[in-house]
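These are the structures in question, set out in turn.
In the two assemblies presented below, chain A is common to both, partnered first by chain B and then by chain C.
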Partner chain A sequence: MKCVVGIDLGSTTTKALLLTEDGEVLGRGITNSRSSYDVACAVAREEALTAARFAMLEHQLATSFHHDAGRTGNGNGTGGGSGDVNGSRPLETLLQEAFRLELYLDQLGHLRERIGELVESPQHEEWRNALEPAVAEILDGAKSHAPELFLGDAPRKSDFFRDLAGAAFVEGAETIAERGDAPFERLLALYDRAILDVETNLETRSFADLLRRATERIGEGTPGNGNGHLGTDDLARLRRVVDTVAAEPIDELAFVGTGYGRQTLPFPKESIRSEILCHGRGAHRFFPGTRTVLDIGGQDTKAIQVDEHGVVTSFQMNDRCAAGSGRYLGYLADELSLGLHELGPLALQATRKVRVNSTCTVFAGAELRERLALGEKREDILAGLHRAMMLRAMSLLARSGGIENEFTFTGGVCKNPMATKVLRELVDDNYGEAITMNIHPDSIYMGAMGAALFALEDLDAGTAGLLPTFVQEGGTTEAAQEVRA
Partner chain B sequence: MSDANPTDRTDRIHLTAGIDPGASSVKIAILKSRAGEAGEMVATTIQRIRRRDVREVVRSAFADACTSAGVTTDDFDYIASTGDGDAVDFGTGHFYSMTTHARGALFLVPEARAGLDVGAMHARAITFDGRGKVGKVRMTSQCASGSGQFVENITRYLGVPLEDVGNLSLESEEPEKCSSICAVLAETDVINMVSRGVKTADILRGIHLSIASKLARLVRAIGAQETVLVTGGMACDAGFLASLRECIDEKQSAEQPDLAVVAHPESILAGAIGAALLGARRHRQLEEMGRLPVIAA
Partner chain C sequence: MTTPATDAVKSPSAPPPEAAPTPITPSKDASQLRQKRMIGEHFERLERAPEEGNKVVYTFVPGNLTELLSALDLLPVLPEINALQSGMRGKSRGYIGEAEKSGHSEDVCTYVKCDLGMKKSGNISPTGTQLPDPDLLLLSYTGCFTFLKWFEILREEYDCPVSMLHVPYQADGKITPEMRRYVVDQLERDVIPALEKIAGKSLDMDRLSEILELSRQAEDDLVAVWESAKHKPSPIDGYFGGVYYVGPIFSAFRGTEDAREYYRELRAEVEERMAAGRGPMTPDGELTEERYRLVVEGPPNWTSFNDFWRMFSREGAVVVASTYTKVGGLYDTGFRHDPDRPLESLAEYCLNCYTNHCLPNRVSLLEQYLRDYEADGFLINSVKSCNSFSVGQLLMLRTLEERTGLPGGFIESDLVDPRYFGKANIENRVQSYLQMLASHKKGPKRRSA
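Moving on to the complex of A and B:
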């Protein structure tokens, strides 16, 4: 299979999107940005490739298992039979969950190794005897609770290892500190240091290995984890499908990168496009009628006016302040120990919007804590915080020239249902209800989509650039080399 | 408030406590004094709040302080709160943080005539006279860019324990100035620095300098003279202090020659100490009026 890759390295998350030569989306991947841009890009790309393979897998499973009576359970009493697996939840979903779990356990292993090394360093000598058993306890706990995080439609605070492992670590460290066994700050510093190293050290993992382990996990079936048993025949068939999919080559023919801090991106410079170009291009592909774009990303809020060809005519951006950006919500989520995607749904349950006085993100976090202590409801405060944030966006939009029909909302924040609801209300109040507001589920990938479209264009024009550095060391596929030759 | 002559009838020893809940930790000082004069520290406690309920932290920290002082609630003449007084649901009375910081600063460093209180959220510069009467005040407002939280956010990202930050920052040879002013967006700046291979020490010093230059303006704005005592959590951070001295020296002017920036090992307790001392004085005043407070614990 052949594809082109668009990568959008944002301040908070890095997105990758694969397009087939016909311009169809093959896979999307996202990861948290980190201090090694190469690794962030490589991981996002890996995630997109994984998604592409799971799409293939789903297709293959549908054809191999489709006409099978076993899919709904044959009830012949073989300890649950394959019916448990296939009864209500598709095999592909179970595999995906088990795959995520295997990946997480793998990463947890690396984290453990690194923390172990750190504890041995002279800087921790004084505390070593307390830290060693504490760390072991925390990480054992994280490992044994891991299946609950991934299997059986469990809600997760985040999909990023840093967040999941961090939450588990903080929880464990708090318990230990409460008992007085080891100081919380020391433990947390160990984690903070180790995660930095683990995150920026690119591990080469084999998709095939992880998927095979996931297959065996489903095969064994651990009751209570949401998995059942898979019959011997079904397991053999599943193994065959998995092997086929894992072996299917995916050739990446062209790359284009975009995102903030373009100079430092790990891309050859002919393969870099500006963020505005990519967002315009991406938005235009989904909504050709767009005239005003609001993009709220990790640390920027941009109000963009475009003409009928998608060319930018006016542009405003927040400056030097996180208030009103995605990071604002991220910070508040951290304050509440919630996942970013839990904020919006929680705020939607509000019965009133508490007026928030702080502008600064840090102060808003403190105000949130104070109001909680005063007995205000989480959801009501959150509703007020969402409103405060969107009011800032409205003033930015007004400065850029107001909202023209159609209005497209992009960036990570548009995944937040409270943010979109409040925005809709504010747009109605200020510009009337005739404005069409476009939000696409892939809005967070808008920049990556634009980049991938440029990559496709480069490919067609025969000007596809060199592969970015993070791919060069890894396996460069023959087809890709041919194209560049 | 009438300023009674402090040397009058101060033969009795008062046992008082000052409780100073801040944005990130609760500070408690238990002192013996003669109506707020000639104070002597009996016990102190500092507890980080983290994500716990402040009231609970206050109670547990107070219990710790009492234990280490070997006293019970009944032994106190006055339990004073300052800072976030709402977090203290027991005790006798409350004092504004400006007055307590001024009083506490004088207790720690008698020659101090100005204080720069750098806490987790806000920073405040005040001038005061030799008796702790507050003169001029300037605060950071609107945003957390000149605050301790800023440093804490960054150190978490760098994986450096907070207590190691100061000395690490002092090792810096080429401080990397932080371009972002926002405490939250600075994290991204730091990520960029790490990815460019900038040394941790240089990043920390850059952050310290960025905060210090903002706060040096604050100190200058109040017309501080001679000795400035840094109080609040950031006073424990040697890297910040060095940066502040550097920035203040740069801004030295004719009206403010040779400003000495000092910190005291107990600087972080200034508010709590001041509250305990003012509480003792208030106790004596009330005693004279025959309106002694009842401690509700």
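Moving on to the complex of A and C:
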């Protein structure tokens, strides 16, 4: 299998996307952008490769299990519908879940190792005897509860190790602190320190190994997956498919990277494209009618105009102030002790219009507190804050030349239902209801998509960039390279 | 608005620090060395002015009446140039802080605050000499409202007279005989008598004409330097390099023998580069591959001048024409000081500052530059606190895009307040813009698969 790679290193998350030579999506991956950009890129790329392999796996499973009498595989190609083993959940989904679980357990192992080292340091000497059993208890607990996180349909609040392990650790540490066995702050400090190290060390991941372990886990019939055991024949067949997929080489032919603060991007100069160009191009690929793009990311807002080929013709960003970008919502969520994803739905419940003028992130926080103190409802204030934010985006759009049909909204903020509702209203008021407004559930990948499209173009032009060395030398394990080779 | 004319930063005609190519000619530094000497001598003259009994006039770059001052042996001080030089030397932040302490708002033109802060810090010139107090404040251009307020404040600080020349705005895009007459009348009735009073002598019109003739010669050579950028590759950068070239002519030296020689030398150096097919000098040495030809509107940022320049030069982008280098005279559209019509041509000079032109004129000028210099696109550096420039710039951007079909870029920074220069952001915009140009140069053929 041959592909090109696009990576979008954002301030919050890092995304990777693989395209085949024909421009079809082969796989996508996302991770949190942590303090090491190298690692974030390597992990996102690994995730995309993993996704690509699962896509192959799905295809193979459909072929191998579909024609088997007595099975109910639907083999519809997308959405994980291949090779149902016992009629309830697709085999590929079970494998994905078990794979994620194995990966999480590996990462927990790294975390345990690192915390173990930290506890040995002199600063913890006084508390060592209390900390050691406490940490063991917390991590044992995390390990034993891990299957509940991954197997079955249970929704996860996040897919990032940092968030999942952090939640488990905090919960365990609270229990221990309540018993008076060890202080909560000390335990949490250990986690905070260790997670940084674990996150910035390139994890060693072998797709083949993880997938084989996942297969065996399914073969044994893990409690909680609701599927029971695989028959001996099925298991043998599954092992063969897994080995085939794991051994299938994926050759990366070209690479382009983009992202914020690109001077520090760990990519070769000739492989870097402006995120503005990438977002415009990506949005145009998702919605070919696109002429205007609004992208609201973690730390800036871009208004982009593109032509019928997806080439950027004009753009506007604010140089002197980043008010009203995604971080604005993040800050408000923190102020209210809410999850970022809870803000929009809460604001939608507003019954009264509250006018908020400030789009300065810090002032908005102050305004929020003041209005709460005056007795106004959270949802009403939040609705006003969303509106203030989108008014600022409208001003930027006007500066860039206004909205042309079709209009595509991208970036993390487009997942917020209140933001999109307000934007739609403002577009209707200012540009008329005839404007088609596109929002794609995968819009977070638009930058990476644009980068991958540029990589394809480089490939055609004979100027394909090479993959950054960090990925080849330190980014993957020997096992993973062996799989790819 | 103004020009750097200083040795504080490496001049574009200075040799690169490393990997210098074979020198073109031994005289290649002549113009640079001359400018440096001229500036040094001028500040020394200013320092000695009180003891030597010379009178000092503070004035602004746009619409400056340098020839009139030198005909009366008056020495000019240009606060805008001091401010931008302080910016380049890393002193402006402190000066601005001083001005803010005494009550000047964060949103005021940062040249003003830098100048006031410098005054409050002892009025030491950028070259380290003591600046004398003014005997007169000559406000010979009223197109910038901030200038009025600036000198109003300086009048309080120095307790000295102000002479004001009201310059009508070119609202209809042209200078009418009535406008010219109005300015000449003010020169005759108010400005010249005020200057004569300070100088203690009468204006000698013959001497004024001789000085204006020297101005005219230098102006001819400067225009030749600008137009060299029509050549491919351009031997000059008409913005980052250009601000050095306008040093003498926009400041204290127009109409001097030194300035005439400076422009003669500069023209010869540039023509030699052009003949040899060489590109412009940059902070990293000579530009070897001209990849983009740009037109730039708006003043540069001075606090990160070389960083800002490198964002262009390292991508092979050359500015072939700019409007900022015309704030002290639009010579390339035909204006010359005229020894036969001394006061009339001084009036026309004041009326013809770039920022005294209406928006349609400014758009037309940019459009003409884009065509004449065969540029790939244009970029606007918008400085919010400089209203003379920034008002209407977005409209200019749209109009130019529509008229020429060439891509425009828009960035925001400041003159001398380093707090308003976000390097990562600006670099992001500049690179995005240049990549956008590259996409356009490639043409529409692309795969959307």
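General remarks:
Just so we're on the same page, the second predicted complex is superposed on the first by the 335 of 485 C-alpha atoms of A that agree within 3 Å, B and C clash if a C-alpha of one lies under 4 Å from a C-alpha of the other, contacts with A are read in each partner's own complex, and residues count from 1 in each chain.
In this text, a contact is a pair of C-beta atoms (placed from the backbone, for glycine too) under 8 Å apart; a residue touches a chain by one contact, two chains touch by 3 or more.
Since the structure is predicted, the reported quantities are computational estimates derived from the model, not experimental observations.
Shared-chain residue A:His309: touches chain C; no touch with chain B.
Contact with chain B, but none with chain C, is seen for A:Ala366 once the two complexes are overlaid on the shared chain. In the superposition on chain A, A:His284 contacts chain C only, with no contact to chain B.
Of the two partner chains placed by the overlay, only chain C lies in contact with A:Arg273; chain B stays clear of it. In the superposition on chain A, A:Leu202 makes contact with neither chain B nor chain C.
By the touch criterion stated above, A:Leu338 is placed in contact with neither chain B nor chain C. Touching of chain A by both chain B and chain C, each in its own complex, is seen for residues 261, 320. Interface residues of chain B, counted against chain A in their complex, comprise 23, 48, 50-51, 53-55, 86-87, 121, 142-144, 147, 149-150, 153, 156-164, 180-185, 188, 191-192, 194-196.
Those residues of chain A that touch chain B in the shared complex are 11, 33-37, 123, 174, 184-186, 188-196, 261, 264, 298-299, 320-322, 325, 327-328, 331, 335, 337, 359-363, 366, 373-374. Residue ranges on chain C touching chain A, taken from their complex, read 384, 394, 398, 401, 407-408, 410-413, 420, 422, 424-429, 431-432, 435-436, 439-440, 444, 446-449. Within the complex formed with chain C, the residues of chain A that make contact are 22-23, 260-263, 273-277, 284-285, 288, 300, 307, 309-320, 399, 401, 453, 456-457, 460.
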